[in-house]
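Here chain A shows up in two complexes: once beside chain B, once beside chain C.
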Partner chain A sequence: MPQSADRILDHAPLFREPEYTELLARKRENFECPASTADIEAQSEYSKGWEYREKNLAREALVINPAKACQPLGAVFAAAGFEGTLSFVHGSQGCVAYYRSHLARHFKEPASAVSSSMTEDAAVFGGLNNMVDGLANAYSLYDPKMIAVSTTCMAEVIGDDLHAFIETSRQKGSVPQEFDVPFAHTPAFVGSHVDGYDNMVKGVVEHFWEGKERQPNDTINIIPGFDGFCVGNNRELKRILNLMGVKYTMVQDASDQYDTPSDGEFRMYYGGTKLEDVAAAVNAKATLSMQHYCTRKVLDYAADKGHMTASFRYPLGVSATDELLLKIAELTGAAIPEELTLERGRLVDALADSQAYLHGKRFAIFGDPDFVSGVTRFLMECGAEPVHCLATNGTKPWVEDMEALLASSPFGADGKVWQGKDLWHLRSLLFTEPVDFMIGSSYGKYLERDTNTPLIRLAFPIFDRHHHHRFPLWGYQGGLRLVTTILDKIFDKLDADSNEAGKTDISFDLTR
Partner chain B sequence: MMKDKVQHLFDEPACQKNQANSEKERRTGCSKPLTPGAAAGGCAFDGAKIALQPVTDVAHLVHGPLACEGNSWDNRGSGSSGPMLWRTSFTTDLAEIDIVMGQGERKLYKAIREIATRYRPPAIFVYSTCVTALVGDDIDAVCRHASEKYGLPVIPINAPGFVGSKNFGNKLAGEALFGHVMGTVEPDDAGPTDINVLGEFNLSGEFWMVKPLFERLGIRIRASIPGDARYADIAAAHTARVNMVVCSTALVTLARKMQERWGIPFFEGSFYGISDTSEALRNTAALLVEQGVAPSLLDRAEALIAEQEASALARLAPYRERLAGKRVLLNTGGVKSWSVVSALMEVGMEIVGTSVKKSTPEDKDRIRALMHDDPHMFEAMAPRDLYKLLAAGEADIMLSGGRTQFIALKAKVPWLDINQERHNAYAGYDGMVELVRQIDLAIHNPVWEEVRAAAPWDDAGQLTAAHSESAGEGDPSKEPAASAYVARHRKKFADTRVDNTDPNFLAHHRKKFAGAAGDDMGEC
Partner chain C sequence: MSLDYKNDGAFHEKVIEEVLAAYPEKFAKRRRKHLTVAKPVADASETAEDGGTVTECSVKSNIKSLPGVMTIRGCAYAGSKGVVWGPVKDMVHISHGPVGCGQYSWSQRRNYYTGTTGIDTFVTMQFTSDFQERDIVFGGDKKLVKIIDEIDTLFPLAKGVTVQSECPIGLIGDDIEAVAKKKAKEIGKTIVPVRCEGFRGVSQSLGHHIANDTIRDWVLDKKESDYEPTPYDVNIIGDYNIGGDAWASRHLLEQIGLRVIASWSGDTSLAEIERAPKAKLNLIHCYRSMNYICRHMEEKYGVAWMEYNFFGPSQIAASLRKIAKQFGPEIEEKAEQVILANQPLVDKIIAKYRPRLEGKTVMLYVGGLRPRHIVTAYEDLGMKIVGAGYEFAHNDDYQRTGHYVREGTLIYDDVTGYELDAFIQRVRPDLVGSGIKEKYPVQKLGVPFRQMHSWDYSGPYHAYDGFAIFARDMDLAINNPVWGLFDPPWKAKETPVLEAAE
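Showing the complex of A and B:
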């Protein structure tokens, strides 16, 4: 065998050794009834054409590689943004293990959440007992300040009533009478993680605000939305607000929870919005959302409470950040400090320095509705051309929004909005109408391999690159990071296309 | 010795500007004297290196401390169609002890030996630098000796940085080619339509956009010096019938000397601009006919020119609409200003100024002729003045080299790099279409709107009156939470069906699953 103690091969080279390649080829030939190489080739070619694209886009029943996750993932992320809060997902435990691994793989941090571990008998008789026992165990085992309850499909299909269950548990002594247990129904078969985020944040504020008399003051609330870059983004946002001297409450802030230091102490709960601050936030003058499609219901609720509301769509770049700062200034009367004006000038300078490399480059973008909207706007600001804008979890109003956005700039003329489409659809789009680059999550790497479209990783989840989420994309400083990330890929591609000695290296230039 | 050479080079009969000077002025040099304390361009070494490095199959060995080679290596994107040895960085990397102990010559000899035995190049060019010239290393002797020993040409390039400006270094490089290289090889295929192109650097491979035009006329480029040149071709350059000088300030002396020694007539021309490219083809053909080529060449040249001009103008037409009336400031060094001027005027652009720093009186006349009323020519412009002019909004775009582009940006004006560090090929008919396309892209990049606009708040960071007026109109996200807005907002999202707390919706879903047993769900 090729493996020996003297020379241990990693799995990648090991299975390329002749013993294995022969074995796998034999297995394929003798036991897998393979189609001929020619047939596979032909089918592969066929899948790249317009005819296949039409069939692909006409697909109704099947979804292949959806670019979205389910509601409870959003709820678990949302809960991580509140002080001392344990996510308790009512339903089957396997689901919860998925949310934990999903978050841990992206943030490279432990992600704690518990479930009520419903089993078959719970499915038949209802999950009340699991809720009663589960809350009691979670409370005594993990010592949270608050337990945020969401649900998996299982609980939703049998129709468990969270409110009643939690009150029953309270009466049965699972948690103390005054203990905070906000909840949200988050069925995975409705909407996506952005709605789960919305529902959970609304569940939390509703829990603290309902029945409270509002005593208006001049603070503002900011809800960041579901964001894989929350670590960098929220910190940058807070820096900006502090520079402006604004009184604010971040309602939901997971930036510390997903970026704990390695200093010998395990912090199961770290950072997050203080519970008393959440309660006091009802008195705010206004509630702003950084991501409109993550917060529709919670903003409605804040408006009902008498808050002024405004929402942004993952603001990126100069003009979107301008709008954000102007809105904050308008609501609070705060001045925009010189430091931010300088940062703005620097970002404008950077964009102008690099404009020739961004100008006219064509992009495919996929991800959550707000993200796609924010990136589209930024690209057009740089003179790049968004071509395929795809959000599996986009809604009709999002499509209208996006179409208006694309129509606002000549650089959006070739842009098409794809709502409810998946990454297999995007594959057809990339083959039939190729673009220069693709912006999205790690899942885009398979499209990159198939279609040779370089992938720029800027959206949750990023599993196969480390630490990007620790740097901001928001604000003028974030804009620098954003344009640098995009440019790095552009230059890498330029170099890769011109680095073959004696063949293509005529433009393998030192200076670009 | 160096002093004689300098004096000799300062006297250039083929240079009108030089001849217009009095003898006394000529003695002080034709290049602008260097001004201590003022920002300046590169040195003579840099000039020599720039002028020779694009010779692709030669090993370029810099005799001096490492930074002379490190800083000059590959700082312009010449293209090679074959050998890549020119891009390998060779230096003797002199250190303190070498200088103190006077070991420079020995080290140089060893370096030559290593290159000769390991790479076997057709030739080695050895560049002196300030340090090795100051300590008195005799590179001529080392080169001569090594050349005999290893049986290949080892050419000393005597252009240490302190002898003068970059431009002067170009001349010294030409002097080295003339003195040591040209005429050393007799080719067996010399033909009646062979020409040389002097001062063509093949930046971004742009000479390859012109070369096929000559080939269509049956004209062979014996040597393009230095861009994409081979040593043997330069060595045989004396057999060409005509020389075209592209960058006249760099290599006109070489052309004049080649005329004197080998009787090769030369003309100055340019491949920048449509009319200039045509003129270059026309002049080449005319000189070749004078040299005895059949006069039908002239007709074929005219036919080719007519075809190419028509094609280029047709391709430029669409840009006229987008660029007509746009104001251009040309702040160029090596690129001939007038040749670009005429091309830009083709698409209706307005020239608000052009630098004539390196232009001859003849150049200036041509600019005057092109820009009838008010030519706005300026000599070198100090960064401060340039900034002032740009900041006053007198130009829509500046075409310049890399060093001044950032001044344009700070003055909020788009720019296009048309100097040696550019990444696009602008030569010939195709190149001019590309230049106009790049200008179009640069002017119409949306980032300039942001560059020109101030931050949308006042100097104190407060909202402006204009903002307060516009706030609350149009964009729903800017509206206060008026009840009408809330109602509309709700309606807008009524069909999105994410409202899972809607009892009707959940009931519907439950009904959907009502008849299903646990097994039907599979692994759902």
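Showing the complex of A and C:
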């Protein structure tokens, strides 16, 4: 009996005990009718080769292990960045359970949202009653300042008209006449969560800006985009803007919502852009996006309103941060303070100290289009070489962007851009054209297991490591965190490869 | 070793009234039917399985959630792909429709299995048809045909394919059954179309039922099997092997001399599903999600079924005896030996943890089984259940709940976020057991929490091996020093509202 009260074994050690390894072998042998060991080994080997890769890349219909989610997830995340805002997703209720779980697992935080719980009858007759009842309940129970409505694919397939439904609900008294109910259609079968983010932020600003006379002032708006590191990143960005003395409005900021303190109180709503600030943001001089592919529609809308616009692609590292600061300085006339110059110097110092370990290291990167772009640029800046750059939700314009980016540096010479591909494609790429490290989300752990490519977790979602998202990656300070995270993995790998006593430990160096 | 206690029913009644006051009137009326307090049963002749008090805790259940209330429930797809079919390890399960459903459920249910993932087993992978607008407009059947071909090319060792329908499939009129029939013939493998669109039914529950029916219609009796049965063959049904639960249970059943010929559906293979009707007895763990197929096997193949409970030593011993009784004195003798052999472990665990957990109160809100099944395991550790509720239970589950919970226990069906938060704040239990969506709001209140769907990344909790882990986990949740750090020393501690304590 392996179990004892003194030394309690949970699943990890327990199932390695002989009682269980034997039990599992017996089960397999006698009852599972498994494929033969020879067949499994042959197929395992075959799946690592070029022929399999070609078949794999030739897939036209099947998607395996994609690195993207659906639009409403982005909409729910977006809504969490506005003051007192409750997400209301119109359609089937299971979807909302999924968004909430997904966000909670990454942030280790509450993720509130309600559904209109449509079922078969709503599929036939439409979901108007669900909207009317749902808004009434949500308003009564959860006391929101605003309800942001988005849709699941069910409501989109049957063609429910959100605007008309919301107005009818208002007339029926579900919410007060003047209560804010912005909305966005977010069909899951178009684009991905980054588009859901775009649509919802646009829905919110449109709600406050439409029909308002713009009285230009000298503030700037900043839209951060869908970001699993929003907690650290947005706070760092605000710190920088405050140092520069710039007048700004973060339009959508979930940094406090997804980082509430433990002090005995559950804050269903916390932080976020104040509704009056969203309304006033129409008057801004300019709107900047930190993530171009998360904000294409809302930036177009801001431009229509007369804003100057500019977008970045998840700026990371020295030169991307330089560009961001210069743009802000240019738009606002603010000077870049000495303190930031000092921080810049410290990041450059760190990169110089560590350059020998970064130079020439080859990387695979996967994640959202802006993230992949930002990391690619940073790696080249360090003298590292991006090799496989993959975004399942990348678009053709993203490919052009990425190709131009790779062409801008000799370190990008081996870089290939994989648009619309998934992590099963990446598996083939890693076997056939191996790299030293991989940067992406927790989903990469299966690739790490199969291909032995060490995974550096820097992208949403991160389920199996804690608290990384609390620290910034943006700005010069964020750059320090970023390079340290990458270096830690590089050093851990160096040590792991040289730590067998008497065999490989010749290079088990104390100082590196 | 069941505890004898009553909960404060009058206080719980009052809390229910307070909660209902927050709803618009029409909806308060509807929610009222889902909330109650366990009452003593007049006819005391009916005794509970563990000899404790029988209570009456029936509420309205298995009906539509109200819109906008923040139900914790999922959908039929979650019930089929996420629960019943997903763990079947040597088949590829296609999340058929847009990308999200498959993405959010990918690797989240901890259905442990052995095998080489991507080669002969596929549980922790996400296969999706990733519907685009054109698939909605023109239909997805042609795409499905191509997907099945691509699976056959890339995963030749897969034993079959299931098609897990997401919402759009049923709305756009696709004929996945026709595709399944045609392609099954072509590639010579089992293909199961499942109509588990998320808008069907009111919760995960209909998805379980639909998935059970597809096992009946598309798997059983479809192939010849040369399997030779023995008189000691049983199936474990409705154990999804969360953190290895089914393995711990299997270990115990093997020790008493039984042969587990199929394990549905945790760590199961298609062959095990096909062979199951040859067993002598179906042992059903999760009644809610798999009673349907047990009833079918009873009717069609004469396989008897019985429920059992391997949570905590009291229930384990009772269940082992009940199971053994079906197989005669030899097995009964072995069961007694196994119970005896494990008694020192049980005694030591209880000696170690009971003093640390004695009298602690627990509120549970889980799926369709655990809020009753795990009650005695807590009581074995000296803990008391003060509230229990289910996401997707039916009337028969609430009847069974009465076999476990004490008079005065707060009962909540399809609880809403608002209600659960209010109940916890008023009752202030020492521990809450529920899911990931509930975990962080509860912990913010300073109330210890364990996820009771996923075992909070721990487990197994079944059988004797699992009980040790269960006891350890409840202790580490409640007795961690972090709960004492919530109040900054420079802030005067607010006097808590005293009504809750009695």
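To be clear about the criterion, the second predicted complex is superposed on the first by the 504 of 512 C-alpha atoms of A that agree within 3 Å, B and C clash if a C-alpha of one lies under 4 Å from a C-alpha of the other, contacts with A are read in each partner's own complex, and residues count from 1 in each chain.
Following the convention adopted for this analysis, a residue touches a chain if its C-beta (ideal position, glycine included) is under 8 Å from a C-beta of that chain, and two chains touch if they have at least 3 such contacts.
Fair warning: this is a prediction, and the values are worked out from it, not measured in the lab.
> Should A:499 be classified as contacting the first partner (chain B), the second (chain C), both, or neither?
Neither partner.
> Does the superposition put A:190 against chain B (first), chain C (second), both, or neither?
both
> Under the stated touch criterion, which partner chain does A:344 make contact with: chain B (first), chain C (second), both, or neither?
Once the two structures are laid over each other on A, A:344 reaches chain B alone.
> Under the stated touch criterion, which partner chain does A:123 make contact with: chain B (first), chain C (second), both, or neither?
A:123 contacts both chain B and chain C.
> Per the contact definition in the header, classify A:311: touching chain B only (first), chain C only (second), both, or neither.
First partner only.
> Could you say whether A:242 touches chain B, chain C, both of them, or neither, answering first, second, both or neither?
neither
> A:141 in the overlay: touching chain B, chain C, both, or neither? Say first, second, both or neither.
Touch status of A:141: second partner only.
> So, does A:336 touch the first partner chain B, the second partner chain C, both, or neither?
The first partner, chain B, only.
> Using the touch definition from the top, say if A:217 reaches chain B (first), chain C (second), both or neither.
neither
> Who contacts more of chain A, chain B or chain C?
Partner touching more chain A residues in the overlay: C.
> Mind sorting out which residues of chain A both chain B and chain C touch, each in its own complex?
Touching chain B and chain C on chain A: residues 120, 123, 153, 157, 187, 189-190.
> So in the complex, the part of chain A that touches chain C is made up of which residues?
1-6, 8-11, 14-15, 19-20, 23-24, 27-28, 31-35, 39-40, 43-44, 47, 52, 55-56, 59-66, 68-70, 72-73, 88, 91-95, 97-102, 104-105, 108-120, 122-123, 129-131, 133-142, 152-154, 157-158, 187-190, 192, 260, 262-268, 424, 427, 443, 446, 450
> Flag every residue of chain A that touches chain B in the complex, lowest number first.
71, 120, 123, 153, 156-157, 159, 185-187, 189-191, 195, 198-199, 292, 296-297, 300, 303-304, 306-312, 318-319, 322, 325-327, 329-330, 335-338, 340-341, 344-345, 348-349, 351-353, 355-356, 359-360, 380-383, 395-397, 409, 411, 501-502, 505-507, 509-512
> Would you mind writing out the residues of chain B in touch with chain A in their complex?
73-75, 77, 79-80, 82, 84, 204-205, 406, 409-410, 421, 423, 438, 441-442, 444-448, 450-451, 455-457, 460-463, 467-468, 471, 477-478, 480-481, 486, 489-490, 492-493, 495-501, 505-506, 509-510, 513, 518, 521, 524
> Provide the residue numbers of chain C that touch chain A in the complex, in ascending order.
Chain C residues touching chain A: 22-24, 27, 64-78, 90, 94, 97-101, 103-106, 108, 112, 114-120, 124-133, 135-136, 143-144, 146-147, 150-151, 153-154, 156-157, 166-168, 170-172, 198-202, 204, 243-244, 247, 250-251, 254, 260-263, 267, 269-272, 275, 341-342, 345, 348-349, 351-352, 416-418, 421, 435-437, 439-446, 458-460, 464-465, 468-469, 471-472, 482, 486-488.
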